[in-house]
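When the chains are written out, they are named A, B, C, D and E in that same order, and each has its own residue count from 1.
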Amino acid sequence: MILNRFIRWLGRYEGWFGGGAALCIGIGLYMGLVTSPPDYYQGEVVRIMYVHVPSAKTSLFAYLVLFIGSIWYLWKRDPVIDNMCHATAGIALFYVGTALLTGSIWAKPTWNTWWTWDPRLTSFAILFLTLVGYLMLRTFLDDKEKEATFAAILAIIGFIDLPIVYFSVEWWRTLHQPMSMSVRGISFAPEMLTPLILMSIGSSLLFSYMLMVRTQMLYLERLLEAKQGRLLSETRL
Amino acid sequence: MVAIRGIALSKSFHYHQVLNEISLEVKEGECYALFGPNGAGKTTLLRIFATLHRPSSGRFEILGRDGLGDRAKIREDLFLIGHGSYLYDDLSVVENIQFALGVRGGHPTDHEIKLALDRVGIGAFRKLKSRHLSAGMKKRLSIAKTLLIRPKILLLDEAYASLDERGVVMLNDCIREFAKEGSAILMTTHDRSRTAEVAHRAGVIQQSVLQEITIQEMLAADALF
Amino acid sequence: MVAIRGIALSKSFHYHQVLNEISLEVKEGECYALFGPNGAGKTTLLRIFATLHRPSSGRFEILGRDGLGDRAKIREDLFLIGHGSYLYDDLSVVENIQFALGVRGGHPTDHEIKLALDRVGIGAFRKLKSRHLSAGMKKRLSIAKTLLIRPKILLLDEAYASLDERGVVMLNDCIREFAKEGSAILMTTHDRSRTAEVAHRAGVIQQSVLQEITIQEMLAADALF
Amino acid sequence: MHFFNTIRWIAWKDLLSEVRNRENISSMFFFALIVIFIFSFSFSLDPRTVQEVMPGIIWVAFGFTAIIGLGKSFLAEVHNDCMEYFQMLPVPKGAIYLGKFIGNVLFMLIVETILFPLFVLFFNLDVLEKFPQFLLIFGVATVGLSALGTLFSALTVQVRAREVMFPILLLPMAVPIFIGAVEATRGVFNGDAFALYSHWIQLLVVFDVIFVIVSFWIFEFILDF
Amino acid sequence: MHFFNTIRWIAWKDLLSEVRNRENISSMFFFALIVIFIFSFSFSLDPRTVQEVMPGIIWVAFGFTAIIGLGKSFLAEVHNDCMEYFQMLPVPKGAIYLGKFIGNVLFMLIVETILFPLFVLFFNLDVLEKFPQFLLIFGVATVGLSALGTLFSALTVQVRAREVMFPILLLPMAVPIFIGAVEATRGVFNGDAFALYSHWIQLLVVFDVIFVIVSFWIFEFILDF
């Protein structure tokens, strides 16, 4: 119920999130595609980074939100939290898909293949399949309460994959870039770093914006269903 | 003391609101009969009390304990005889009973099991695999379990369905005995005269509204429900 | 003319002989009610006539045609309302009816379907997916199919089960209508008074023996069956 | 004619259900995806080995997908005892077989069409100019698999351990189809002349014809035991 | 204590049913046999390639067998709504999980024990002196697979498209186990020193522990939605 009020409160500032996202992404894209220099080794191809890295980071963040939301749901059983989880999963899938797609496109010129079974790519593909499974599972249940619970269970089990995605580049020797921003310092040129940071901020703002809109949509859908349901229950046999 | 208390219970299944703010009280030692047309939501209500569904809104109490928070405790006192027979096809009648009780922490002796089976009239089929039982025999087996568990709350869906007449008499006997021992019984049925023999109170669910009536009214009513 | 004739029908499942040389005749325009305790073999007998089981021995005729050799022909005149609802969860009520009739070569018009659904009382749920129907509503849907098919032989297992009181009146109406049109109806039930309203003859299966009784005897009998 | 009407209605029903819930296609698709996924890292492949084991991988993946998809084919029919309804239909049972068969071939082809590009992507295959050959091989192998799968699905849904009996019965019978498809695919991958592997395709066609005709004829008995 | 009693009863029930009908083990066994068979001709293997793809083949075969066997694990429980009975039990649901889990690990190990010699035979493997290593790998991988499989089986049997949802949900999660098992097996086949692949076994153990604990804890919610 606290969340209800919080969401309503946030809802009033929804536009700000959307606007901020548009602004950051706009400027970020402009800097990334126009003003930033091509890479020494990779040339112009490196510009895919400004989409790939932010969407990959946001997708991991989104799954974290889904995980916390799922635990919260099992604890409080508040339908609004369930709507939020449902919305998060859909958006997370969108980001995961974008990261996969851009990563694949990037991989063709740099690694000369669309796909390899590198640990990070493998674990990220698992994340993708888990999210698809999550959304599929939700369509196969009629009872809302049951649907919410089972979905939450799946999200929690699937969370095991997240640390693997994140740390795989540390744990195994991999093809994929290791973390560039870690305790060991930053390994980006500043003129590349600025658009990257802008795009990352924009991407997470966009995530928040979509999350709010989608949660409200699902909430309204639920209300509508309830209303239609009442009409149906009033028809006489 | 109130054994079952439902407060403004609602339940919807995807587009279909089945129950709308239903409230209901059943006291200990009382047998409450639910009537209502097909699809009114009787089964759904029973399943909510049996902790099989969660209500979409509203809450309920069983023997004073909260039905949503304290489910583990509640379940000790509950038993539902519903559409499912809860049997394993490859186990015999006796093994099925042993399992059903054992798994919930009971330890009936062989003699107790034999008595219960004889009472419900399937003592002769003790060794038969439950795969080969007919609908009515399965129902009787469920009643035998109830006799061994002696739950404080007994929920009976379509109480008399698929029982023959001897079976109905036997079940009504059991219900009376349970009520005398202080159990609360909530049952759904379409059969007014058989219900009237044991029910203390009755209610009709219609268009998601529960309306209480007395047994006399129920028997006398011209209207069908 | 004799519509259903069973001659010395026996059926055993594995170790268990359920029917032992049962003979039975139902004439056209007649409604025959089968009583008997749980597990007596009523359902089994009906399923033999419905060409779902083959008898272990004995034979039967439907409208003069041999029940074992001429099954394709027989099936044109038969309809069984049993435990199964024969519905597809993802199709709506109307689509289910269209399919069920279409697949056996029928071509009901939309108007006819609407009339039948209204008559059984589920016209308002025409567009609902059959997944969301309750037990009683499914039964009514089966009755609607029967109204559209108008089979010469109607087999009804547990005729009144899961119907509410309005439903029972409606079903009895339909049975009377079918009988008047010359159909033969064979039904099993545990409810004597409701059956008495429509049945012309009755029989009790007990310990694999079928004994015929009149409707008056059935109503008056003290013994339970 | 009744015969073709029945085929049409059954295919219509399957397609409509599929359009409504997208269960079959989406689940077959994802299952296949996961299988490819597991294969492609279980056999960590260098490009030379790929050439060698690729035909095997493709057909094992499609084979398992067929098991999952076709095995479900008649599950929808047992759910509400629709199988019994089919048994009581007054139409030649072959019509039911053909209706289901057509639906299944369609589903399989759709799934294969979506999957093939993914194979190409995952394993970096180079197949563009060999597309017509692949189309042909996939077509004939799918028909054969579906013909067998539809038959065995109908058979196994009526027995107890259906989920396992289906692959256990289907796979051995499907071995000729697998061998034919694998060898033909290997030929295409090796860039052989069509004449060099066309006998495998002929073999597949012969099996298709045999399987469809035999299944069509034998289906009568599956639905009338 | 109730908790251990419940575990015992559930494992007892599964084992007794299995002893009675031998469905699970025999069907898993046959399925695996067929898979091996199909593999061994789909990948027409020269001895050098065998070495390379053998670990993959072994684990894909066992993986699919696990899907078939574990997916059925809770099917017996839905059959007569026993799942609902479990839900209404007044015991911690983790006990039910552990009971089923123990039974499943046992079944899987038995099947693997029978199958492994067949692998050795079919593919002319040379493994006698490496037996303890294999035992260890099989043990830890089986525990992990069963832990996950038991959980997802319980979840998907309550869902509409259960036959497909099970592999779709299970396989992605099981990928780490597959990778670990395949890599460790590869190490054994290559004759590497234990230290070279022991980290894969450690990984498997870590996953086992995580999966068992998380499943045990979360099972409460699978049976109480």
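Everything that follows uses one rule, which is that contacts are C-beta pairs under 8 Å (C-beta built on N, C-alpha and C of every residue); 3 or more make two chains touch, one makes a residue touch a chain.
None of the values given here were measured: they were computed from a predicted structure.
Q: Going only through chains that touch each other, how many steps at minimum separate chain A from chain E?
A: Each step joins two touching chains, and the minimum needed here is 1.
Q: Give the chain pair, either A-B or C-D, that is connected by more C-beta contacts.
A: Pair with more contacting C-beta pairs, C-D versus A-B: C-D.
Q: Could you tell me which chain lies farthest from chain E when each chain's centre is the average position of its Cα atoms?
A: Checked the centroid distances; the maximum from chain E is C.
Q: Distance-wise, how many Å sit between the C-alpha centres of chain A and chain B, to the nearest whole number?
A: Centre-to-centre distance between chain A and chain B: 47 Å.
Q: Quick one: chain B and chain C, Cα centre-to-centre, how many Å?
A: Measuring from centre to centre gives 29 Å for this pair.
Q: Approximately how many whole Å separate the CA-defined centres of chain B and chain E?
A: 39
Q: Using Cα averages as centroids, what's the distance between chain A and chain D in whole Å?
A: Roughly 36 Å, centre to centre.
Q: Among all residues of chain C, which ones touch two or more of the remaining chains?
A: Touching at least two other chains: 83, 132, 137, 164, 166.
Q: Where in chain A do residues touch at least two different other chains?
A: If we look for residues of chain A contacting two or more partner chains, we find 122, 129, 133, 136, 140, 142-143, 145, 232, 236-237.
Q: Chain D: which residues touch two or more other chains?
A: 21, 23, 27, 30, 34, 37, 41, 44
Q: Taking the complex as given, what residues does chain C use to touch chain B?
A: Chain C residues touching chain B: 13-14, 16, 36-39, 43, 83, 132-137, 139-140, 158, 160-169, 190-192, 224-225.
Q: Please output the residues of chain A touching chain E within their complex, sorted ascending.
A: The contact residues of chain A facing chain E are 74, 122, 126, 129-130, 133, 136-137, 140-141, 143, 145-146, 148-150, 152-154, 156-158, 160-161, 164.
Q: In their shared complex, at which residues does chain A touch chain D?
A: 113-115, 117, 122, 125, 129, 132-133, 136, 139-140
Q: Where on chain A does chain B make contact in their complex?
A: 77, 142-145, 225-226, 228-230, 232-234, 236-237
Q: Which positions of chain B touch chain E when the two form their complex?
A: 50-52, 54, 71-76, 78-80, 82-91, 95, 99-100, 102-105
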